[in-house]
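Both complexes below contain chain A, partnered by chain B and then by chain C.
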Partner chain A sequence: MADKKFTLHWLALQNVRRKPYRNLGLAALVGIFSAILFGGSILNSQLGKGLESLSDRLGADVLIVPYGHEQIAKAALLRGEPGTYYMRKEALSRIREFPGVTAATPQFFLASLSASCCAERVQIIGFDPDSDFLIRPWIQNKITQLRDGEVVAGSKIRAGAGEEIFFFETTYRVAAKMDATGLGLDTSIFMPLSALYALMRDNPDIVRQIDSPEQYISSVAVKIDPALSPRDVGNAVMRAYAIEYNLDLIVAETIVSETARRLHTLSAAVYWIAAGVWALAFLVISLIFSVTVSERKHELSVYRLLGAQRSWLARLLQWEAFFICAGGALAGILAASCVVFPFSALIFTSLKLPYLGVSGLMAAGHALSVLAIAGVSGPLACLNTVWSVTRFDVYNTLREGE
Partner chain B sequence: MRLRINHLTKRYQRGDSWFDAVRNASFSLDDGALVSMVGRSGSGKTTLLNMVSGLLCPDSGEILVDGINLFSMDDKKRSDFRNEKIGYIQQGRSLLGNLTALDNVRLPFHLQRRSGDSLQRARGLFADLGVSHLENSYPAELSGGELRRIALARALINAPAIVIADEPTSDLDIDTAHEILELFSRLNAQGVAFLVATHDPELSRCGGMALKMDAGELTKATELLSPFG
Partner chain C sequence: MRNKYISAFLCLGMGILYIAVPHTLLPVCEYAETAMGGHAAIASPMGHSTQSHMACFWTARAELGLGMLIIFGGLLPALSNSIEQRLGITLMFAASSVLGAAIPAVLIGVCPGETMPCRAGTLPALLILSGLFFLFSLLNVLFLNKRRKAGGNG
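This part shows the complex of A and B:
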């Protein structure tokens, strides 16, 4: 039925479509606003998920690292920047026995020169399967133990479970993959400490800083009695052993709160910018709409002459505003998607913040919210114009047009 | 439908002084009538037509539509009256440039909830007026005479009781103007009432009742027996 098309929406769409240049500026402005809002909210969600993951997955209450390597350790943990630093292994047993410490597990960090999986150097982390509480909870396909020649790969390592990976002249089988954490763990490869020590024994040139690698570890992750303050216990450990073993302390809570503070600042900046652009867009839409509608008074008078009610005319103009804004918002969301999704890694690496990808559902939710805000903003911004334009003097307007 | 115009006056301010664009105008229009109104440009014809169509509120006087005052109606009722009872052919170009000729003609049908097929109706009118080949043209592509025919088709789409035409031949050549008048004649013979404003004395000789507007003053010029000769 051809008659079906003759609706108010169709007419509004026709008016918008037949005057593309008139409406392009408005749509572009809404597009910019929507791109900032959508891109900003996606980045914020990615950061939020990264932060959630950070507090969930640090696993330890405090980390003990060699003195002077606190920042390098944080960079390795948060961003996977390969770091190699070592401390004597005897410190581990002392820390384990310290009052208030409920568990302590060692890790050994090694940076590969190259690996078949990756374009850049990767962090190889040796962990102690017997005492580990950091790695195993996040392995996707739960494995009871790693056999000789097997490793666990972080989520961003390209080799999948069952595939092979090659580094330090040795081929390893990926026994399992880790869940995505948003942290440096995603770009690391994990193997038992014993296997890592054996690798270093066979290739003495790998670590030149230390003579006998088996006597060294890189860090100790410590769990503290929940009834006690991690900072207090950590400081007590430092007072007891810092000088003797040359140790430094990282309190997990501090990493989370530091990251949260930076995230909060960034989120606030993104939303303030979006709010500023929105306010500007609202004003400009209102202004441009007022100008373009004034130019269309003769056309609108014809509608009135033909028997259109004021309310019908108001609805027509509001549908037009809706289509322009929704079209602009859709274009803005698409443009932002082309930047945000492929370049998230680059953006967050430069911001030095952990992040995790958002689900399609969450992204769709953000897109719908932005569409709704833009879709409502257009008709709202032109409310005043619509009010005045539906009350103009039709007779005089028609005469002016003659 | 019976339309009674009683003592209509519309005043405007020009500089410091006021003048009567229409002064104390009265006449009536019944089904199938033909009333032509002649007068010079600026004599108040369009002002009167706009009051009759309910677009312009008079300063005094009344317009009774079957006994009901048009200006006591709210916007909805007055819009409905314009949409259902009046077919208006405006002076100059009045088609909407965004729509094809066919959609321009169909538009008034869809300004209200109606059952029926506007497409079939519009196509029938296009055929009657000999412009079927122009259905998909946009107004910018049409000549003056073609535009006037399409405007007439649009005025007729809702089968109005009265067609109001403001200077329908003002910018047309003699042959095209004659064709338009013949169309009016044919439709009037079918029972459609016409109220036509013109400054062309030829048109006033077409028949029906002829009124003369001079500086806002409406007087009965003559009553001819044969509409459109």
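This part shows the complex of A and C:
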């Protein structure tokens, strides 16, 4: 029974445990590398999925908003930061008739006040069911049409389908919930424009500056002929009507490319830092192993005298390096998981970027990749030392110090 | 002997974190709002100010009390040489860590909105802090129990 314990792995583990502080230090270094790589790759994946959702869900080629409200509109769309802005409706018919415009639909963005104690402000988006091409494609598999007093809720709105929601002293029934998008749509409530106008008429204090709500809209989402450049057509619309109707332009492609640029910057930073820490860890492991093997020459010579082959000694050292690195990597992945998963909402809200959660399978894939890289790095880092171990002379080593 | 000073130091740190997390490090909604220059009073649906507080405000208050208790409790083992007394106090810490997690998760709770500061920041931070404190208490209980059986003074 006792003989059974003396395996190569068991001996390697005992050797690792014999020098706890030194090996904990090495494991901590690998842990830092693993935490950065794993945490960074999870954040990148979440951001990548958010970007994918952004290009899928934007739907429109250009958005026309009131002049000076471009940033507010982007914040509402990307991050769900509630905002209220409006312009006269006359521009809508002129935009619809503009050459190159294939479809145009109005929306009204209204920020709720704190609906009740402990409830956050939400973005209420009124859409025109007749001309809409942004919201309906994502809810038509759930409901065909909204009845009076019904709304569609974003995925992060607490009320579920069939439940009631209360704001501006009016109770609405949630007819359906949208799937998670990672965008501001998740914290928004959607209702037909007619219902939103009725709500504003019943509560004139909501937007005091508006006397007749039906005359106002917040934005016009426009689809452009695929044969034409959205930016060119958008600019042409601006040249024609921007001054007359006080308009501003948001090109969807620009939002996507801006987000993609930030994703690439983040990815590059994460991978460069991880590569730097990996190089440092590799160097330190290599040096420490080289020094400790010199100290352990007597011990290793005794193994040789007891009949151990050189390849066995090489594998022993490599298993030691593997256990240190794998332990460090596991701890690093665990530590990073405690940060990136629970705090992803906080992280991306601070970065002002859209994100979507990753599946457990994808997270496990990232964890295994990091574990594999860290696990292989240890044995690789001590290859030089292992080679020298197979070269020293047992007789002379044991005679040293006599 | 070293163990009691290490545990006292860790308890002091944990107690301070229980107080600092919901108030300054990852503040709950009302403190976050105040820090950003807003005011703590809550607006009613039509904008009238009321005196009510959000649930997360009371969670922060409860964690303040718990944090002070942990700091006080953490000093006791440093003053005692009895393994049994320290074991008892450490078991109390394990129970306190469960309470530290239960206050924001079950007993009082935080605001419902997923992007609100208390739910996005304070809640996960308190749960992780409580998990670490529970782990530390558990390891210390095992260590002290081993010492008690060995008849040492830790």
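The rule we apply is simple: the second predicted complex is superposed on the first by the 380 of 402 C-alpha atoms of A that agree within 3 Å, B and C clash if a C-alpha of one lies under 4 Å from a C-alpha of the other, contacts with A are read in each partner's own complex, and residues count from 1 in each chain.
The rule is simple: contacts are C-beta pairs under 8 Å (C-beta built on N, C-alpha and C of every residue); 3 or more make two chains touch, one makes a residue touch a chain.
Note that the structure is predicted; figures quoted are calculated from it, not measured.
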| item | value |
| --- | --- |
| Touching partner for A:15 - first (chain B), second (chain C), both, neither | first |
| Chain B versus chain C as contact partner of A:302, first or second or both or neither | first |
| Contacts of A:187 with chain B and chain C, given as first, second, both or neither | second |
| Touching partner for A:310 - first (chain B), second (chain C), both, neither | first |
| Chain B versus chain C as contact partner of A:387, first or second or both or neither | neither |
| Partner chain in contact with A:205 - chain B first, chain C second, else both or neither | second |
| First (chain B), second (chain C), both or neither touched by A:156 | second |
| Which superposed partner A:272 touches (first chain B, second chain C, both, neither) | neither |
| Footprint overlap on chain A, where chain B in one structure and chain C in the other make contact | none |
| Touching residues (chain side chain C, partner chain A) in the complex | 26, 42-47, 50, 52-56, 111-117, 119-121, 124-125, 127-128 |
| Residue ranges of chain A in contact with chain B within the complex | 2-3, 6-7, 11, 14-15, 18-19, 299, 302-312, 394-395, 398-399, 401-402 |
| For the chain A and chain C complex, residues of the former touching the latter | 80, 113-120, 156, 158, 166-169, 187, 203, 205, 338, 342-343, 345-346, 349 |
| Contact footprint of chain A on chain B as seen in their complex | 46-47, 50, 53, 55-56, 75-76, 79-84, 86, 88, 90-92, 94-99, 103, 106-112, 117-119, 154 |
